[in-house]
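In the two complexes below, chain A is the common chain; its partner is chain B in one and chain C in the other.
On to the complex of A and B.
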């Protein structure tokens, strides 16, 4: 350690520590604290013990929002991660156009989710939307894409599409790090094509697949703008993000809203741990 | 003659697989390229034409949506707001995150590992979990609906990620460099400015890009902290358009185009930095 280092350590850490304390740690513990109160606005609150928590367990809307979030998560894991992996495998196997596909597949990632959601408003519109125009031109009946039975699936499509490119690049990067002698050895053994993919490539990037699935899970918990713009949580599309927005900020129910916030944190931590657990077991089988 | 047939045979063997691969890849590429083309094309039509013939090329483009976007909904203002707030967030995150990362990666001191554990744990706190108390704080300080009202919470929200990325990169820089500079009489601050900062530029660049994108695209915080017309960023305006002008298809197409095109142009220029950030495994946020 150099002379006077202690001074610099404190001086350099202080701004970041201050920001994190004021806008992250303090609010987090304040949320935990507020979750034990019944509130009316910011100024009056009564301690109610675990009342909010027992209310939470009998809150059907929260249960529905949780289920919708889980359903969306399923689509995201299967299709977003799946399509990203498929595209990465395909691009890894071609010689021409790699750079082009990397660039183009990443387009949606840099576009804001809100803009994409607005784009899909134009696709899904019942009267004049792109999809119903196509259906009518082909002689079919119009479909109400955002109806009770279809809305969540319809919203899952832009959600999935948005981030496929991100995971695609992560996968492709992981594949490019596989030493080429692995492939040469496989070639000598006569392993190629699909066999090579399943016996060599996928097992070797398994740890990256795990990271991506964890990211997909935590990412889905934050989904907000697609639902907010496309359906406002109507027709069976309420997710945790939109529900807490309604409870805590539209209704200004800060006490119960904080309880839901704590619930989302716990839910996220449990899901991440669960995912790590399950995926670990998978790895042993290879 | 014979050699030609051999070549043909070979081609026939390879072709189906490769063609299939390219069909799938171009198919997906089409979803991204055509969607963008469709929206930009329709931004030059009046709403009626967007509704009735959205696939037709806008051969005689109309600018009415663009004049509407700037005059009626003042999209220029929202642009400026977005740039100021996201730019401010990036600056604060890089400055404070850079200093903290420097200490965490280059200094040996007690409690360093504990600090890293705390940082990793704070990645698990989503914005939902802090929004109510932060909102209360901003009201108390009277900075709701000011630029600071979005910059400060977003800075805190992105700091952890930036510190971890930057510290990861800085810890790979050889110690000898620093020692040489120290011999030359640099103190810790000049060391940071003259040695660490220039070498870590790639990490700063990719952190900056991702922080900017996340800040620019964060609708949830924008709706709560900066919803007033004079300060609202572009995403808040877009969500407003969807509820207020939901039947004006031309205007919606234009608003989306205006949001998307500049970002895409910038992306094309800085693409290599993004790839670098992702390639070095720095960013998995």
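On to the complex of A and C.
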């Protein structure tokens, strides 16, 4: 490194550092600070020590929201990552039209989550939704797709669908980076089809799978719009994202809202660490 | 050469990002009022005639989006700017149905971004804003202009007076809530109008059997359900107390009655997951026979439903102390003038002039005509209202009490605790007592 470079390095790092400080670290520490207060809207706050934290541990709704988030996370990891991987393997194996499929599968990522959620409101609506109209036309009874037993699963579908394309592109890029001599060697050994996929492709992109699973876990903690638009958190669909919104912004209880924010951060970090530990393998370099 | 160009470019990029970040934080539809429409409208303001300094005022209100009075409000502002070309009015709006509206107002008020005129709720929502001195009491300004003050119906001004005896919010139009019923559906199915509790239950059962939604109401945005069931059981006094002296046993009866009609199949199959808009949609499309709503909702329904609608007070629940003629209504919101505008010599007069214009009898009349509300001005009769709105005025005039809704009596968190418990209560997972005790605990903690 040349001596003069230091100046430029600092200059280029500064904006990002300033952004992170203003929009990430400052709010985080402010939340930590606020979590020790009982707030009344924006105007007054009183120090309450660990009251908010003790309330948090006895809050049934928060417990339920955590469980629902975990359930959604399971669907996301299994289906979102799973389908993305499957599609990536399929597309990687075709000779032409890769670009077309990449665009088609990536497209939902570009659409706003709220718009997709509104679309699914029209699918699931009990009175005149698309699904129930089809059922009625075929002579079946109408189904309440967002009933207590089905709501979370029904909402998991658009949630999964929305981001499949993103992980698909990540996987596809990872696969294209695998040097072709590996495949040539495999071909000489007579390995093809499933065997090639499971013994060669997947092990070689394992580090990417790990990254994607971490992204999926942290992404699920942020799910908000699908729940809020489709079910308003009712019928066993309240997740951490909607619960914190209700507590902090609807109830104007910023103190307790901040406490939940801290909880979500800790929960997210623990989950990501756990996922990293479980998926620990030697890094492959090629 | 190339390097410095790159540096410049990245600096430019960073600056743009800063600009973007610092830019409009309104997020809502900002329709700036028309600025310099040349017009021969007579000077009607109190502005001095010698070329005044140009000022820009920001009015933040709920008259936007799908609000029935959006155009009437914009027109009133346009009239003002036409007569006062030096004043530019920024008409900043957000939907009142949105919980985000309160947040936006509170953020603005605490971050030094107060609008000059704020159209906001009266009651608990405004208490903190008033206590923090961010808005000014209007009594002196009212007293100084007898013509303006006398334009209001005395009862309207009285109803916006706060506990400290001062008036902070200038009323515009009032509202009422009630049980809106689709007369045509009642006639076609040979069902009697729900004028008492037994008839109400009979109507619920009859419509349920016919496959028509009896009462369209969402469980999450259950404001109107809670307001009416509690009022019909606890009566005016019991409701007005809030949870101050503990839980009124009649409140439990109200929630129990909600479970009773739920068991009869009163609510839509998907009541838990729909929002207020969808519930209104079911009623508007003729899929539901009854809905608990406010006077502002009439304008949004289909022409056919509107023509067939009448409004009744929610029937008294047996065993409670409601009269069956208790109505939720009043003047729920009004214009606040921010302290910042009051202290700003350049803005003060223009803001007051604009406020006077927006609340003069003519403006009140046109807005009341648009949103079907009760005009706050004396002797003003909105024109061309649908029969349902006239029935509503009649209902209010015959009411034994006119009550402000429950969410103005308890803290927001307490109210949303009750809201969150509606589904568990009607499905029997919690008893009304348990639900209210939970709300009570929140209310106590918030004190």
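Following the convention adopted for this analysis, the second predicted complex is superposed on the first by the 257 of 286 C-alpha atoms of A that agree within 3 Å, B and C clash if a C-alpha of one lies under 4 Å from a C-alpha of the other, contacts with A are read in each partner's own complex, and residues count from 1 in each chain.
FYI, a residue touches a chain if its C-beta (ideal position, glycine included) is under 8 Å from a C-beta of that chain, and two chains touch if they have at least 3 such contacts.
Predicted, not measured: the structure shown is a model, and the values here were computed from it.
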Touching partner for A:87 - first (chain B), second (chain C), both, neither: first
First, second, both or neither for A:20, with chain B first and chain C second: first
Contacts of A:127 with chain B and chain C, given as first, second, both or neither: both
Larger contact residue set on chain A - chain B or chain C: B
Which of chain B and chain C A:233 touches, first, second, both or neither: second
Partner chain in contact with A:57 - chain B first, chain C second, else both or neither: neither
Contacts of A:12 with chain B and chain C, given as first, second, both or neither: both
Chain B versus chain C as contact partner of A:249, first or second or both or neither: both
Set intersection of chain A contacts, chain C complex versus chain B complex: 8, 12, 15, 19, 42, 121, 125, 127-128, 249
Chain A-touching residues of chain C, taken from the complex the two chains share: 7, 10, 14, 17, 99-100, 102-103, 106-107, 109-110, 128-129, 131-132, 213, 218-221, 268-270, 272-275, 278, 282, 285, 287, 411-413, 416, 420, 423, 445-446
Interfacial residue positions of chain B with respect to chain A in the complex: 17-18, 21-22, 24-25, 28-29, 31-33, 35-36, 38-39, 42, 50-52, 54, 92, 95-97, 99-100, 102-104, 107-109, 115, 122, 124-137, 139, 152-153, 155-157, 159-160, 163, 182, 187-189, 192, 213, 216-217, 219-220, 223-224, 234-235, 238-239, 241-242, 246, 249, 252-253, 255-256, 259-260, 263-264, 267-268, 271, 274-275, 278-279, 281, 284-285
Residue numbers on chain A that touch chain C, as the complex places them: 8, 11-12, 15, 19, 38, 40-44, 61, 121, 125-128, 142, 144, 146-148, 151, 230-235, 237, 246-247, 249-253
Chain A - residues contacting chain B, complex: 1-2, 4-6, 8-9, 12-13, 15-17, 19-20, 22-28, 30-31, 34, 42, 83, 86-87, 90-91, 93-94, 97, 100-115, 117-119, 121-122, 125, 127-128, 130, 133, 161, 164-165, 169-170, 173, 176, 193, 211, 215, 221-222, 224-225, 228-229, 240-241, 244-245, 248-249, 254, 257-258, 260-262, 264-265, 268-269, 272
